[in-house]
Amino acid sequence: MLQNLSRYNPDRADEESEDDEEAIENEEDFDAYAYNEPGSPPGTLEIDKDASVPNIFLIDYSATDAIGLQLATPEECAKHLDTQSVSWVDVQGLGSEDVLLRLGKVFNLHPLVLEDVVNIPQRPKFEDYEDHELIIMHMVTPRKNGKGFFREQVSLILGENYLLTVQEEPERDCFEPVRERIRRDKTAIRQHGADYLAYALIDAVVDGYFPVLEDYGERLEDLENKVVDKPTTRTLSKVHKIKRELLQLRRAIWPLRDAINALIRDDSTLISNEIRLYMRDCYDHTVQVIDMVETYRELASNLMDVYLSSISNRTNEIMRVLTIISTIFIPLTFIAGVYGMNFDRTASPTNMPELGAPYGYVTVMGLMLVIASLQVYYFYKKGWIMPSKK
Amino acid sequence: MLQNLSRYNPDRADEESEDDEEAIENEEDFDAYAYNEPGSPPGTLEIDKDASVPNIFLIDYSATDAIGLQLATPEECAKHLDTQSVSWVDVQGLGSEDVLLRLGKVFNLHPLVLEDVVNIPQRPKFEDYEDHELIIMHMVTPRKNGKGFFREQVSLILGENYLLTVQEEPERDCFEPVRERIRRDKTAIRQHGADYLAYALIDAVVDGYFPVLEDYGERLEDLENKVVDKPTTRTLSKVHKIKRELLQLRRAIWPLRDAINALIRDDSTLISNEIRLYMRDCYDHTVQVIDMVETYRELASNLMDVYLSSISNRTNEIMRVLTIISTIFIPLTFIAGVYGMNFDRTASPTNMPELGAPYGYVTVMGLMLVIASLQVYYFYKKGWIMPSKK
Amino acid sequence: MLQNLSRYNPDRADEESEDDEEAIENEEDFDAYAYNEPGSPPGTLEIDKDASVPNIFLIDYSATDAIGLQLATPEECAKHLDTQSVSWVDVQGLGSEDVLLRLGKVFNLHPLVLEDVVNIPQRPKFEDYEDHELIIMHMVTPRKNGKGFFREQVSLILGENYLLTVQEEPERDCFEPVRERIRRDKTAIRQHGADYLAYALIDAVVDGYFPVLEDYGERLEDLENKVVDKPTTRTLSKVHKIKRELLQLRRAIWPLRDAINALIRDDSTLISNEIRLYMRDCYDHTVQVIDMVETYRELASNLMDVYLSSISNRTNEIMRVLTIISTIFIPLTFIAGVYGMNFDRTASPTNMPELGAPYGYVTVMGLMLVIASLQVYYFYKKGWIMPSKK
Amino acid sequence: MLQNLSRYNPDRADEESEDDEEAIENEEDFDAYAYNEPGSPPGTLEIDKDASVPNIFLIDYSATDAIGLQLATPEECAKHLDTQSVSWVDVQGLGSEDVLLRLGKVFNLHPLVLEDVVNIPQRPKFEDYEDHELIIMHMVTPRKNGKGFFREQVSLILGENYLLTVQEEPERDCFEPVRERIRRDKTAIRQHGADYLAYALIDAVVDGYFPVLEDYGERLEDLENKVVDKPTTRTLSKVHKIKRELLQLRRAIWPLRDAINALIRDDSTLISNEIRLYMRDCYDHTVQVIDMVETYRELASNLMDVYLSSISNRTNEIMRVLTIISTIFIPLTFIAGVYGMNFDRTASPTNMPELGAPYGYVTVMGLMLVIASLQVYYFYKKGWIMPSKK
Amino acid sequence: MLQNLSRYNPDRADEESEDDEEAIENEEDFDAYAYNEPGSPPGTLEIDKDASVPNIFLIDYSATDAIGLQLATPEECAKHLDTQSVSWVDVQGLGSEDVLLRLGKVFNLHPLVLEDVVNIPQRPKFEDYEDHELIIMHMVTPRKNGKGFFREQVSLILGENYLLTVQEEPERDCFEPVRERIRRDKTAIRQHGADYLAYALIDAVVDGYFPVLEDYGERLEDLENKVVDKPTTRTLSKVHKIKRELLQLRRAIWPLRDAINALIRDDSTLISNEIRLYMRDCYDHTVQVIDMVETYRELASNLMDVYLSSISNRTNEIMRVLTIISTIFIPLTFIAGVYGMNFDRTASPTNMPELGAPYGYVTVMGLMLVIASLQVYYFYKKGWIMPSKK
């Protein structure tokens, strides 16, 4: 039956090509969290009409066996939940209120849990209910061509021997390697319970931040050179965009750290002590992600400062050239203007006698040369004329 | 009797049209909290003469029945308070000291409670008195045309089986959907006590922040484009105004979070454990509101930086054009000026012999061309002349 | 005997008119706290020779009776301290070491308490000694004409059934309404002990910050308009001055909050539980004051940013006008200069033949018009010429 | 024997005159803490060859008696340590490894204590060893002429009935008034043990920060005027220098506060409860010092902002004058240039007929006047020409 | 056998000369932490193909004896681990998955420990496993010529009587002085267990930060002068680079402080109380390092501000010169232009009669002088012409 395991996993990652621009538009909305109409009762579900109809996949495994199925109705889960084996129910898409409500009934979910799972996006968090625990995370995957990242809410509901995961949409997830590990015999994941599976998925989501961040590291390095060499408005926009996207990542990872921390401490009753050790490692990874996000944010802020300084510098250098050329020629032009006046030399001997002097022209030209030289010397002494080695 | 429930609820939300400008003026005062004359005894009430006379509405409901009445005097509440059913007394308007004092007597309110309820605005807070608990909140509703928001203080006083709410003014509240839920049979709200009602109202107030914030998200996105493309003084004013209003929202929501947190923890004796779970959800919403406020504040700050950079950039580009055109023509003008001098060529052969040279004019024009070309080449090499693709 | 109560209260508040300027000078020194010569023993008193000689006023009251006296010597207090009634000893002025030392002896004050009370200014604080408790506060009162505020240290020493207050100087305090409440029969203050009196005075001091802050709110609003419309150096100085004064208020109110908090918690043994409830309200007021101070500080900082942006904007607009006018005329002036050259047309036909051409002048003027039009068109397309609606 | 007490105290404070410049140089190094070669064993001492040879002074006192001696060898201390009287051993100078090691042996110091005492500078701290406690402080004394401050590490080692102090160098300390208090009979210091002496010295060091800070207050006030009136590069350097030195003070006083706090709390076993009360006062003083340092730092930062604004303002005003004068005359000059062209009026009637018109000159001059007036009016309306009241 | 101890320590520090540039490139990558492919199982090792093959060195010592060996296989360690003597196994290089896995087996390492040790870089941390404790640190060594620093991850695994250290690469470490101390008889290190050795190595790593930081102190001092005197784009780049590198140091030392703190507190079971005292000293050193890093960061930020101010200042001064020269000559040039017009004086007596006036030229020249003088006087009064002492 193991061959079934791969059936429900079409190669989604490759479909992202065309809808890039549209996706970028959507991404902008992430700044705002989902909310119900003020005053509406708790547990109200808001269904996005354009969202994909939920696909329900089930993987049921134990140390000795593993099956993978796509289920037609939520109720089909029920019989698998009773067995000793670990049941991973993976719901992809939030487009049907009916299916989601029935799902809630099968898993006996608290209305507030269902609300948080369906009304996306929510802030990452951990919450402990009587017989199940909710973890909300944001999964990020890098876009092609350094265009940022896709973001998708993933909700984990961990029960005694089952794990229910709900993804925003069927495209793209980073759980495929975990599925592959389940498919294979004798992997650690097959020896452990649902808590280990939860750990594996959380770890996959957290590790998914690293390639996205690495991408930003490279983009920042590129910009660093541009900012000093030729700062343009486009550079400014790019730095601003990176700052904005890093802010989004920051808002996704900080609360996730708190959620995982709550999971590790005694808040969670479904996590065994052995798995807690792995969770601690996962927590360390979130700390490393946070460290990188903060570092890149600081680098981006520094870039902004350097950008401003560079612009100032360039303006300054252009000013210098203007000053020197203008102030050298303006007095000379004045002198030329004076001797271009048309006073009637015949009316009086005091009227521009220089014009008739035998060496008048030569003298004036010499005078101009002296004035220009003095100015050049003055500017040079001031340090305003430098060998433009830069 | 259910038909009565709607009588006391005229369609207030539509009356806000004309008084917009005036309201904006009032809003400015929110920076300052209310205070009594220094030295005056605790419990002193300051009545604003222009405030609306208080309207008192009562909704009394149990799982099986619900009535709605407008009361003429505070004392009429008394008989409803003794019953097992939940009594929601909603006071709208703070214009009569007499009515408010009598209200305090009916509900046996501590003088400090009455002071906080009447002397508006107060900072949001939770306070536990012997037999009642006070929650002060700021309710916000979006203005039309993206002109910010209305703000109004709502005070909740929760007792054993009653809830007293006091609103600043009769116009606009976000409680209508809650009233609607009470009117309908078999809703969750009818099955629970006064603590659930308190939760429903607090949740309505908190959720009311989301549409206001969403509005700011859109305004910031609009400004983002303007700031890079054509930054004007008006843009600056707008960004500054948004920053200011977000600061006001921030000051309203942060202390509300603390108040709800105090409510959840063991500070409150009137909240049952089941409701505490709902309150925790409500707390999560305040955290999401705070997250959005802080995000928008950071975006607005970034916009300010980008604005400054854009202005610098534009100045820089204009400077560049000026420099190039000026410094190309200034030396040429000087040369033209020299050959416009009127030295008497007859007085001496050294006086401007160029003027008589057969190819003098052509040579000088050629010289000018060479100088201009050299300058253009120099500026081009410096990168100051670029294809202005921007 | 009640008529005596008003005798000791000359109308001080009105005397502040002339000494305004001098007071402003003194205020500047508040940045520095008082200190003794390094190495001097604890309890050393530094008496300012110019300070007022201490006036000692006593109010002794119980639920049934109240007397007010001005005392000649500190020792006269002694007999009142033994009675069951509440004794409020109010010392105004710090100009006599002898009187202050004797006062310390009468009240059995720890030398460190006396040092803190006399060597002003000290940082606000609460300190618990064996049989008395010290609260140091800074009392602020608004100056006329929006010129900031007066600041004065007030020290409260609370004992079993007495309250000793020490004010820096006899002018101005905000305790008069409290005295009035004592004078009147059947007020709450007459029913309670010394701890309620302490609460009433602390509350009066805290509430005294509100009118001062309201004043800053108005000044900031005024400046906000000026900063965008016509930013001048004077505006800059004003914003800077407000920031500085708000910093002073901040330094006075933050530690006061901590002091009151210490008073509420179990640190204080002289405050009864009932009064603790009132103190909590007073604590809320300090939080509101802090909230307002921080808000105004942020607004002032924003103003500074807007100021800088406005200056940049103005420079930018002026630059734009200069650029356009200069760069339009500079090439034209060059052309005019060329045809003002005096090359000898008789020497050669290549020497400025245009001058003799029949339509030479018209052509050149047309050429100039074309060049100017092209430039205007270019600048318009660049968006540099806009309808100056601002 | 009391006369001996003054022998060991030459008037050091006066010798600081010449070495000012050199001292300033040394001060720069304070940014870096001392460290041993990486990998060297704990307790390694680094002796600065140029440091003064240690002078060892002993004051041994009880309520009834007090002697002062300069000791030749560390071992001479030993016999005084055994007595009931308090022994204050004051070591000045760190120039001899041999003496310091022998000192360590006499007082039975932990190698890490000796390392911290000798390898200067160290960060201020409190550390509790088995039978002695280490407090490291930085003592500051103001330089003449507002040139900043001297900084010197003082280490206190407090034992059962002795106090060992180690100073960096023999010049300047602020302990002389304390010595004077010991010399006099019946002072509080003579009635108490070594813990009171430690308090007195720590208090002297902390109070020593006040005059240094007061000095900065005055310098900042001076600069405040200069920054607005005539900002120069020199002003900028001065503000930068003050910021830097305040940063140094901040780094010295913050950890000292933590050290004193540790001393007050139960960390210290050698401090009696009575002295703890005095220490609390001393702690308050460090808080006041910190408050002043932070205030001055903020004032200096504000000054920097104001400086930048002032520079912008000045540039702006100069730009305005340039714009007005240039843009008024450039078009006029162009017109004059046009009528200076030499088109041959005889060649054609269309060639500059204006030159021959009877009122040509008057008309053109009038035209120029009109153009100039229109410009002046335009600039005036724009608010660019203002009565330069500033 | 002691002669063996030095065999395995070739003089690595000298080989760093050529690969400087390449090393700098590598350093840039430090911003990003290592991570596994998202979804891969815990304990996955990523081997860098270009990394050095691991060299394994063993030092086994007790108070009486010490041997040093290079081991061929990890399994050779096993027999030394069983003895009472302390075994220090030092692995240098991470180039072989096989060797590292076998090493993990010999020391019974948790898979997560091996992952953290091999997949570099990791954030410094302390982690407590059942029978061993992991400390991850970053070792820094200064580059020649003030070009920053080398960074290398060092992992310590402390067991009952062994210490396993894993270094990133065989070149450069700061442990040689520790090896030297082990080689020598009767040093403290020989008297203590593995915990003292761990302390000695951690202390060596921490102390290694000091010379690196000292280097930055000098570079900042150099830049400080340049920034005020002649700020160039190069200076800007340098300040930016220093800020960036200090950020890297900061990210390495802050978590190390937390790790050492965890080691001191009760988290560690393998550290004896005596060694805890030494660790506390080591903790103090990290605090001093942090203090220095933060100080230098603040100094660098200040430098950036001063840089911007200097640039503004220079632009301002250049503007001033331009303004003065231009605005003095532009009106004069206009006047000269007017009298260069060619109006036909014969056509009308109103056509430029000044040209024929006997003192026309002299008067006009005088007028120009007066205008120029008035302008100079005006600029002087405005303070725009100053003795350029700077």
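Quick notes
So that you can tell them apart, the chains are marked A, B, C, D and E in the order they are listed, and the count of residues begins at 1 in each.
Everything that follows uses one rule, which is that contacts are C-beta pairs under 8 Å (C-beta built on N, C-alpha and C of every residue); 3 or more make two chains touch, one makes a residue touch a chain.
Note that the coordinates shown come from a computational prediction; the quantities given were computed from them, not determined experimentally.
If you average the Cα atoms of chain B and of chain D, the two centres end up 43 Å apart. The geometric centre of chain A is 26 Å away from that of chain E, both derived from CA atoms. Counting partners per residue, chain A has 308, 312, 315, 319, 322, 326, 330, 333, 337, 340-342, 352 as the residues that reach two or more other chains. Taken together, the touching pairs link the chains into one ring where each has two partners. Around the ring, proceeding from chain D in the sense that reaches chain E first, the chains are ordered D, E, A, B, C.
In the complex of the two chains, the chain C residues touching chain B come out as 174-178, 180-181, 187-189, 200, 203-205, 207-208, 210-211, 213-214, 217, 221, 228, 277-278, 280-281, 284-285, 287-288, 291-292, 295-296, 298-299, 302, 305-306, 308-310, 312-313, 315-316, 319-320, 322-323, 326-327, 330-331, 333-334, 337-338, 340-344, 347-348, 350-352, 383-384, 390.
The residues of chain E lying in touch with chain A in their complex are 28, 31-33, 35-42, 110, 112, 115, 122-123, 125, 127, 230, 232-234, 236-237, 240, 243-244, 247, 251, 304, 307-308, 311-312, 314-315, 318-319, 321-322, 325-326, 329-330, 332-333, 336-337, 339-342, 345, 352, 354-362, 364-365.
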